[in-house]
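What follows is a pair of complexes built around subunit A, which joins subunit B in one and subunit C in the other.
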Partner chain A sequence: MQLKPKATQPKSENARRRLIAASCALLGATAARSQQTNAAPADSGLLEDWSVDTALAYYHEDGRIMAIEPLVSLAKVFADGQAVNLNATFDSLSGSSPNGALTSHVAQTFASPSGKAKHAYTTAPGELPVDPHYQDTRIAVGGNWTVPLTRLDEVSVGAKLSDEHDFFSATVNASIAHDFNEKNTTVSFGINNEYDSLSPIGGAPVPGSDYALFEKTGGKTKNGVGALIGVTQVMTRNWLSEFNISVDRFKGYLNDPYKITSIIDGAGNTTGYEYESRPDQRTRRSAYWENRVAWNRQASTALSLRYMSDDWGVRSETAQLHVRWSFSHRDRYIEPTLRWYRQTAADFYTPFILNTVNPGGGYESADARLGPFHALTYGVKYAQKLPGLGGRADSEFSVRVEYYQQTFDERMAAPAALAGLDLYPGLKAFLVQVGWRF
Partner chain B sequence: MTSRQMRFLFILGGAAIASGCASLGVKPWQRDVLARQEMQLNGDPLDAAIDDHLYFSKEASSGGRTFAGGGCGCN
Partner chain C sequence: MTANSEPDGAVVVHPRGETLLAVSFTAMAGPCEVLLPPMDPHAALNIGTIAADEAWRIEKKYSRYRDDSVTAWIHRHRDTAIDVDQETASLIDFASQCFDLSGGLFDITSGVLRRAWTFDGSDRIPDPAAIDRLLPLVGFNKLQWRSPRLLLPAGMELDFGGIGKEYAVDRAYELLAARDPAPFLVNFGGDLRANRAPPHGPWQVGIERPDTDREATMLLDLKHGALATSGDSRRYVLKDGVRYGHILNPRTGWPVPGSPRSVTVAASSCTEAGLLSTVALLHGAGAGEFLEAQGVRYWLLQ
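Right, the complex of A and B next:
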């Protein structure tokens, strides 16, 4: 092969080309970062180029459940713009779970869900009835794959599997997103399909049946479909806004198989219990609006508002604020959080059934999660950048604590004999989480 | 905040986004601040996943930011 000397180009032409190349590189890098900043650097096939996000959470309710939950998430963007996310979660729960029955002035004895005599338990007078043998483990794995179709369109598909000893769930979702207005506006549409299989300990109770008769059948299922349409808009150089509308519909066995309702007489004595009975379908609609604003180099806020309603009569409002303060070198930040939540009760919610009346037209549940309450969460997170591993520039260690408190808003008139009992104990819980991202 | 006020806020927000899309936004070289981690809509996905799971299992609402449900037998 004969090598020929390169033709010499004029100096001004060289400089012009270098400038164009530098501009293109700058714009390309900026655009890529704006679309996906959590991902590993593109154009690499090495495993160490995956970005790894890990967390370990400890959750503890006052006198009830405790849970330990490790999570890991892997993400990578490939050179052609495709992105993959894989994640896994493990939950270990134990402690005492409220069974729905009303606090009483006398001791109450309950059979375990399995019906085994050795697991029967007795609740002391004045105490909230809880099943003290609650124990569960859950493992969940999920994945998401995003493929660019054109420069402005991308599709994403995902799946999730979650398994517990008495519950299995499989979910698939797909979405499409389109950018326009110089990629300042993104419109997306997604659908979701969930299949759940329940195999409660001892079987699934016949809804509304007498607790003493132990009428239980085998496993049950429920299915849900959902759709979400969203708009993301770059408002200014420092302000990003997202607005979503979503609807979902679940059908099937929607009861909590371990929840019962106390039946009391006019004198306040508990005369029996029955298994809860919820409708076999539910449609929820929600609107969600999130705004992220960087006020300056140090301070930024994320404010989200959500309104939700369903055909069970539940209406809820949620407001959550994160305020992040990055220290001068942006190598660490502190982020206080405040969340306020309020919901109205489901139409068939009742903390007890008077034996002369069956409210709700046959449906009834004493599950406090369907009751009228408000909740506050206070939290703070601290994160610190650390030297990276392998070829990575850095890693991030974080610790987060949250305190959550539910308070009942409305109390149903109860027989005078129940005075002095805390029929609506609410809930207090805290969460501690450590995270490491590299 | 009442439900009515909340709905008003949503309508206002939706209208602002819908009507202003064409005139809002930045040029590609003005995305420096938007590229920061704290400006990403799901910049802390594991925090969000843990919170979603907590609230899903203790409240009657879920979803909004993303799909509802939760793949857990806790509700």
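Right, the complex of A and C next:
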């Protein structure tokens, strides 16, 4: 019974059956199992073929707010190349938020924005004034739809809505990408438009007005438009480089309605507070460069640099390095991250107003986020593949831990009486995120 | 910046035509790829990496060129009874059945004949006396095999190269099929297997024309199943107008005269297709007749 020509048909059929049997024996029982998988691809309902990303983050600022944030994201790529991504986030923030006033040798009492007595709070001498009743919940939903137009062109449109009890934001975006150079180069252009509506408790304060006078108006709005142009280039088989520049411009009520600035006299006594007053326009330009390199099957790195400058005088630089190390046949990886950030202060940033020098009227803000500081973030992420659910291929569990430390760079000359007070407390924050993708 | 520090280390995702993604890598001295419908590139990379890892695992385990391979270990223990691992035992069992079914034409001990033959495109054909001296070292029936115990006589060699690539295709196929219901095609250097057609119609597979370099001469449509090609497209000796292909008849030590330049066979598994194409080539001018008798789809390039 041999595989040879001129054998009669039944014999050679039999020989082939023996060959098939021998192949099956070699390939083992897994063959039968995979045949079954092929015959009836699992059809397990609604989320079939959708990739689902879930995460729960816990964020804690040392001595200030904490947040718990569940996140879910759904993604699907259709056979014709269309792709849909939908995501939803729910934030619950609580704790203490700095109100902008300066630390003082004496106790300071603040009425919270509602103006009701029971919401007044007092800050002890030597402590940074924070509103201890800070509480907010935010729900955000977003979606993106990408459609290939031609073999080389792709358009994408998206929208994002975010709602808090005192803030609502809606953003729409659209972009177009064109591939050329055998798809090794992609050029993209995108625009976005953001509309924000603020309805602070008790109304939005008149910028620069006296805190004690409760000079407030109703709701306010702001509007932003932005554009981005980018190039992504495949440099080698294992090296991808991306460069983009963007510009955006915001107009409207750009103040934080809950931030105030201390007014002090030459002796360092706080004589009052006024609401911050920012310009009603801000234009930002930024450039971003990222390089991703796969060094070998185990190790890859992503290094990104960002430069941003705006017409408020804030210039910032960010450098971020991710190193991913895969092991156990790439079933697990560990990814340390280091991020360095530095910014200069806005021209009108001032930790306090000296009543002798500044008669008021100009722009001013004591918001630390507009101050001069540098920050380091250290993080590490660990991820592990797990068996999939139902008919799914596999799932991935991950946990990420980050520590953020912010330090003020320049300190303004302050009256001698304020010596010994920590006027620039900086910020330490801690993040833990647990994720599961299936 | 040199990005690739391992010769075969990179697994790369890139678009293939308008409707496919290809995940490519190098294994078994040739280009390998997994073709997929459009999907998240990270998911594609994960799928391709499973295939690459399996190809590299099998290559490493059975390579003739590595000191740490199972093949090298067997060769160090000639004239000694050794117990081989389960996977190696399955391969030797398979080789044993193929030896029987092919009437001795398919023989994993025929690798020693390479000491006489160098298929480098030159006109050097070996001295017939040299081949006659090697023939006593060829013959699967000369080794003692009762799974898992093997005794390889002195001077003899085992070479899994004749089935290794097709076996790797099938193994990678099974790992992917057990894992993911998406359509895919595994292609290791022209030996390939697909589970089902992608949304835009059947896979299109080109068969290389032997006398031109890598120019597909024939496009085949494949929905599912396997294709394997045997031939002398690049490995041959040309002497006095006679082309001697690299597949040798283990009984004579010489290539079979009149054999097609290449034989492509469709079958349900790549291992089966590979065996049929190899044995067909050894039937020389009778290749077509042989394949006709097997009742398989096949393509010959003369």
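By definition in this document, the second predicted complex is superposed on the first by the 387 of 438 C-alpha atoms of A that agree within 3 Å, B and C clash if a C-alpha of one lies under 4 Å from a C-alpha of the other, contacts with A are read in each partner's own complex, and residues count from 1 in each chain.
One rule holds for everything that comes next: a residue touches a chain if its C-beta (ideal position, glycine included) is under 8 Å from a C-beta of that chain, and two chains touch if they have at least 3 such contacts.
This structure is a prediction, so every number in the text was calculated from the model and none was measured.
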item: Subunit B versus subunit C as contact partner of A:151, first or second or both or neither; value: second
item: Superposition-derived comparison: subunit B or subunit C, residues of subunit A touched; value: B
item: Partner chain(s) touched by A:294 [first = subunit B, second = subunit C, both, neither]; value: both
item: Partner chain in contact with A:238 - subunit B first, subunit C second, else both or neither; value: both
item: First, second, both or neither for A:223, with subunit B first and subunit C second; value: neither
item: Which of subunit B and subunit C A:51 touches, first, second, both or neither; value: second
item: Which of subunit B and subunit C A:122 touches, first, second, both or neither; value: neither
item: Partner chain in contact with A:329 - subunit B first, subunit C second, else both or neither; value: second
item: Subunit B/subunit C common contact set on subunit A; value: 26-27, 30-31, 33-34, 37-38, 183, 235-238, 294
item: In the complex with subunit A, residue positions of subunit B that touch it; value: 1, 3, 6-7, 9-10, 13-14, 17-18, 20-22, 24-43, 45-47, 49-51, 53-55, 58-61, 63-69, 71-73, 75
item: In the complex with subunit B, residue positions of subunit A that touch it; value: 26-27, 30-31, 33-34, 37-38, 53-55, 57, 59, 69, 71, 73, 87, 89, 136, 138, 140, 160-162, 164, 166-167, 169-171, 173, 181-185, 190, 192, 194, 196, 198, 224, 226, 228, 231-238, 240-244, 246, 248, 250, 256, 284, 286-290, 292, 294, 300, 302, 304-308, 310, 312, 314-319, 324, 326, 333, 341, 343, 346, 369-370, 375, 381, 400, 402, 404, 406, 427, 429, 431, 433, 435
item: Of subunit A, residues touching subunit C in the complex; value: 1-7, 9, 12-13, 15-16, 18-20, 22-28, 30-31, 33-35, 37-38, 41-42, 51, 75, 77-81, 151, 183, 235-239, 293-297, 329-330, 391, 393-394
item: Interfacial residue positions of subunit C with respect to subunit A in the complex; value: 1, 3-6, 9-12, 14-15, 18-19, 37-40, 43, 46-47, 49, 53, 90-91, 93-94, 97-98, 100-103, 167, 170-171, 173-174, 177-181, 195-196, 198-200, 224, 268-269, 271-272, 275-276, 279, 283, 286, 289-290, 292-296
